[in-house]
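There are two complexes below, and they share chain A, which is joined by chain B in the first and by chain C in the second.
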Partner chain A sequence: MEFKEYIKSTYEKLLFDSKINESNNMIKLREYSYEKYNLTGLPSLKNEEWKYTPINKFLKNNYLLQSFDKNEIKSFDITKFIIPNYNSFKIVLFNGEFLPKYSSKIENSKLFICDIKKFFKKNNTQLIDKNKYIFDKYFSKILTNKNSLCLLNNALINSGLYICIDENYIVEKPIEIINFNSFVNPEFSQTRNLILLKKNSKTEILERNISLSDSVSSVINSVSEINLEENARINYYKIQNDKINSLIDSTFINQYKSSVSNFGTYSLDGKLVRNNLYFYLSGSLAESNLNAITLIDKKSHVDHYTKVNHNISNCTSNQLYKGIYDGKSRGVFNGNILVEKNAQKTNAFQKNNNILLSKYAKIDTKPQLEIFADDVSCSHGCTVGQLDEKALFYLKSRGIPTKEAKALLMFAFCKDSLNTVNNIELRKYLLKIMSKKINVKLDLNEIIS
Partner chain B sequence: MVNEEKILKDATKSDYKYGFVSKFNSETLEVGLNEDIIKKISLKKNEPEWMLNWRLKAYNIFLKMNEPTWANLSYKKIDLQKISYYSAPKTKKKLNSLDEVDPELLKTFKKLGISINEQKRLTGVAMDFVVDSVSVATSFKDKLSELGIIFCSISEAIQNHPDLVRKYIGSVVPIQDNYFSALNSAVFTDGSFCYIPKGVKCPMELSTYFRINQAGTGQFERTLLIADKDSYVSYLEGCTAPSRDENQLHAAVVELISLDGAEIKYSTVQNWYPGDKNGNGGVYNFVTKRGICYKNSKISWTQVETGSSVTWKYPSCILKGDNSIGEFFSVALTNNFQQADTGTKMIHIGKNSKSTIISKGISAGKSNGSYRGLVKIMKSAKNSRNFSQCDSLLMGDKCGSHTFPYIEVKNKSSKVEHEATTSKIGEDQIFYCNQRGIGTEEAIGLIVNGYCKDVLNKLPMEFAVEAQKLLSLSLEGSVG
Partner chain C sequence: MLNIKNLIVKIGDKTIINDLNLNVKPGEIHAIMGPNGSGKSTLSSVIAGNEDYTISKGEILFNGNNINDLSPEQRAHKGIFLSFQYPIEIPGISVINFLKTSINETRKANNLEPLSSKDLLKLIKEKQDLLKIDTQFLSRSLNHGFSGGEKKRNEIFQMAMLNPKLAILDETDSGLDIDALKIVANGINSLTNSKNSIILITHYQRLLDYIKPNYVHVLYEGKIVKSGDKSLALTLEKKGYDWINNNEEL
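Take a look at the complex of A and B:
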């Protein structure tokens, strides 16, 4: 069966179940999204936004869309995967399914976390009305219809998380979302998160994907929506170092007045990693900071797509993307800043620096500006180069072996992006996995300070 | 602030100076595009069979292609069946000297500010004039031929130098390259041809002046410029058209071939009719320009784009040879309802190849200007180097400015840098000038001129003056 028809039959099966169990809104959303999706299908290379990432090459026909009988969750040892000294609320997902049993107990009425599927159900009494209203107001409201993978996700969602932080509440510990994946057959899975930060709230979220299987490689199509109300602040970090699975991650962030979001994407491994970040600055004085480090080798393919929409005046956005490419890896950066007519006094900056270490590595970058307002200060810069021979010689002449000298230069190159990670333990952990990746042992404290 | 707005408004109000129509008799073919028309054009030009076959081949390829829609432009679709593909000022006999040129035609040139005789005496620039579809006059031919330089219309070249034309035409811009190049290949009516022999440095600037005169016609010219080993040439191109309510199509192809060690400097001042203040009429300018550089050679594109209601133009360099150099300097000014999507492509294939891109966009009124560029470093292009800088200046809050750079690097020993900024004329800059007794109007002129200086400096003397005049015309009242 063709993949297209397979998607259709899975969708029909799902819709049949949906009509029995789910609310009218949800059924409508699934139907509408599938119809829209069907107009374009999966993005091809002819789509400007997917010009350098052949998604069809990664999505072969043998992917299952939904394992209806979920792989039995064996008891597994989570301690193996925790980050040392990183004190957090752990939210454990297994193939996208929320597992309260393994997660940290949260006894706090101001922090509400639950399985997103609960919201889809008909006549759900489990949820208080307040949350239900929020769901109608925020769910799937800031997605773009141009991204067909998001539409597919809408049509086929079957797992995910809902996180809501109450007004004036500062979450005392970071929230760590660990998604363990273990599929029996290669799967094209669809997960979905909705995060809501109410007025004056603040939190840090870390997201990791870990695959437990070492042979079955799946593709995860994950979509997240984040809403920041007035004065809300979020630090959101993603560590992407899953060797086995491919990841297509689309995150939509809507920011109201004076809210601040700091986003860190750290892509260190994976067959295919595609990050779509859509920022909507809809309240004045909002600020978005996007940082990323890409450090890959072998045949990894990492594609960063960012779209920052300045819809209103007096907002600021900063993008700092650093990439180091070795082996036969391929990097893509496709950044887009859009400043609307009434978004005067906008400050928008974008920087993309890349280092190619091997003659087989490739980089394609496309930093774009679309500006309709005149009183703005916008710039973008982009470079592609190598490690500085002279600096390397300087270090070597002082007795530092080539490998370590190169590593030092690489860390120096990434430092300004790395320093945006506020949590020192997380920063240490990042450095640790980065040095493991380039196979060096360095005194971390010296680099961090 | 109010004052500033007023000045901007005044500045963006000026009229198009070259909008007159000349009344000489012309011969125009019936409208429509089909094989018969192509055969008629070919017959009129008395072309050899290979040329006709090449045209027909192009036409068949063209039929299979679709108009591109990827550019950041919106315009009424062009009905290709409503255009006449051939229009020529009627001449009774072959001209022996410029004195025999139709007086009306001479008047036209005078109005354009380029009296042929004056040009001849004062500046020593050799010119080729193309009105509507055909080349009407070429000056300095004899002097150039003493050096072995061939400078004539492409129709003449097809007759007199078929080997050269046959060898190089379509070698840089193949027929199937894009929709407009295929169309041009099928119906091109004239254009300039230039060949510089080995080791010759062309002693004067070569220049072509394009003019659309007849209503309901499109202009499709083709320029072929070959610089043989170690030669040098500087080539200028200028264009104007009458003011009309209809949209006229201009789809040209320019091919440059820079053989080992040669250098070509190609400058354009494009001033087609931009349409009126309400966005009616104006020329659609869809141009394919590309050059190929062999070993140690250099191609330098300089353009000042002030005209056309729609501009779609990407002068490019294929840096095929080792140590070759490509340069692109551009000022694109859009006003009222003009739209420009312009930029360049630098394809690095040879070792140590270098390229520089400097692009300055100025958007005023309700216009939109885009820079779209590609820098591609192939695996073979070791130690290649690129530097790009694209700046945009916005005047008024109803215009837009966009940047779409593409950078593709497949080589670890090359260095690529790109930077872009968008800003408006700073209030502090104007204040600084005011403080020193310079009026706001003059200050804007000063700032705009300074902003474009990097590019204007690259133009040959005579052109730089014209370009500056043009900038001041387009932003009248502010630039002195």
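Take a look at the complex of A and C:
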């Protein structure tokens, strides 16, 4: 069967179930989204935003769409995957399915986390009205219809998380979302998160994808919507080092007045990783900081697409994307800033710096600024280079071996981006996995101090 | 200590070091002087193992062993140190972290345990005092935004920390004001003993007022054209280098 047919038959099966179990809103959303999706299908290379990433190639027709009966989850040992000294609320998902049994118990009325599917159900009385109201208000409201993968996600979602943080509440520990992937057959899975930070609340979220299988490679199409009410603050980190699976992540962030978001995307492995980050600055004095480090080799392909929409005056955005590419790896940075006509006094900055360690590695970088306001401060810049040979000789002449000397220069190159990770234990962990990736043992405490 | 025999070094087709011989014994200080472009920095780089240059003939012996094929780090581990004419600025690596990595990698290569933080700090304190280096200097990025003088002082600070057998100081005196020159010269003097050697590369005899060389060599077009004692430096200062071209005797 062709991939298209797979999608169709999966959708039909899902819709059949949906019509029995799910709310009218949900049925409508699936129908509408599927039809819209069908008009374009998956993005091709002709699509400017997908010019360098042949998604069709990765999604050959051997991928199944969801096998609806989730395979029985065998007990597994999560302690192996814990980040040392990173004291967090652990939210464990297995192939996108929330597993309370393995997750931290959260007995706190101000922090509400549950399986997103609960909201899809018809007449679900288990839910507190308050959350149902929030869900209806925010779910699927900030997606762009131009992204057909998001439409497909709308049509086919069947797993994910809902997180809501109450007004004035500062979550005492980071929320760590660990997504274990272990598919029996190669799948094209669709997960979906909705996160709301109410007024003056604050949290840190870390998202990790870990594959338990080392042979079956799947494609995960994950969509998240995050809303920050007035004065809310979020530090959101994504560690992408799943060797086996491919990831298409689309995250939409809507920010109201004086809210602050710090996003860190750390892409260290993966056959294909595509990150779409869409920011909507909708309240004045909002601030968005986007940081990323890409450190890949072999045939990994990491594509960063960002779009920061300055819709209102006096907001600030900062993008700092660092990339180091070895082997035959391939990177893409397509960074977009849009400043609307009435978004005066906007500060919007973007920087993309890259190092190619091998002559077979490649980076395509494409900054795009569209500015319709006149009183703004905007800048962008990108560089592509190699490690500085003179600096390497200098370090080596002081007894530092080539591999370690290169590593020091790489960490120095990433330092400003690494230092934006506020949580020191997380920063150490990132350095540890980066060191492991480039196979060096260095005193990490020294590097980050 | 260092014995260079009939060394020819090329970049592309261009010969930069042309049949050079030099023998430096333990405890000796050799000064090398010569006009700009005569090959002083190239010679220094080649001794330190810079792979940009190819040795097309001759050999470099260090303590009797041919080191032609050793990497820069291997040479450093054996005790060769180069103070750069133009130290490289490396933003993002602090002086202290760099020193620690450098010392411990060198110790590791010599089968020594890494220095404990306590011993390292003690050593740093001692050398810091010697070269009058501020503590806040240690947390700055390596050479980044340093003044010319700070860079040179940092080079000698590293030399003091690493305690090399052979130190090649490539124009360490240029860019230093007289006070800084005294501090640096004093530092260098306190590091010399009967077991280690120094090659001083300089334009000016001024440094030699403070550091007394056993030998002075004149390098010209990649060749040592004259050697002598300290008084040769004074003569060079007076007469310049034109006499070489005119085939005159000094």
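By definition in this document, the second predicted complex is superposed on the first by the 449 of 449 C-alpha atoms of A that agree within 3 Å, B and C clash if a C-alpha of one lies under 4 Å from a C-alpha of the other, contacts with A are read in each partner's own complex, and residues count from 1 in each chain.
Assume contacts are C-beta pairs under 8 Å (C-beta built on N, C-alpha and C of every residue); 3 or more make two chains touch, one makes a residue touch a chain.
This structure is a prediction, so every number in the text was calculated from the model and none was measured.
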| item | value |
| --- | --- |
| Chain B versus chain C as contact partner of A:A412, first or second or both or neither | second |
| First, second, both or neither for A:H380, with chain B first and chain C second | first |
| Chain B versus chain C as contact partner of A:E48, first or second or both or neither | first |
| Which superposed partner A:L356 touches (first chain B, second chain C, both, neither) | first |
| Partner chain(s) touched by A:D364 [first = chain B, second = chain C, both, neither] | first |
| Touching partner for A:S397 - first (chain B), second (chain C), both, neither | second |
| Interface residues of chain A shared between complexes with chain B and chain C | none |
| In the complex, chain C residues that touch chain A | 45, 48-52, 71-73, 75-77, 81-82, 84, 87-88, 90-94, 96-98, 100-106, 109, 158, 162 |
| Residues of chain B touching chain A in the complex | 70, 377, 379, 392, 394-424 |
| List of chain A residues in touch with chain C within their complex | 388-391, 393-402, 404-405, 408-409, 411-413, 415-416, 442-443, 446-447, 449 |
| Footprint of chain B on chain A - complex, ascending | 48, 341, 344, 354, 356-359, 361-386 |
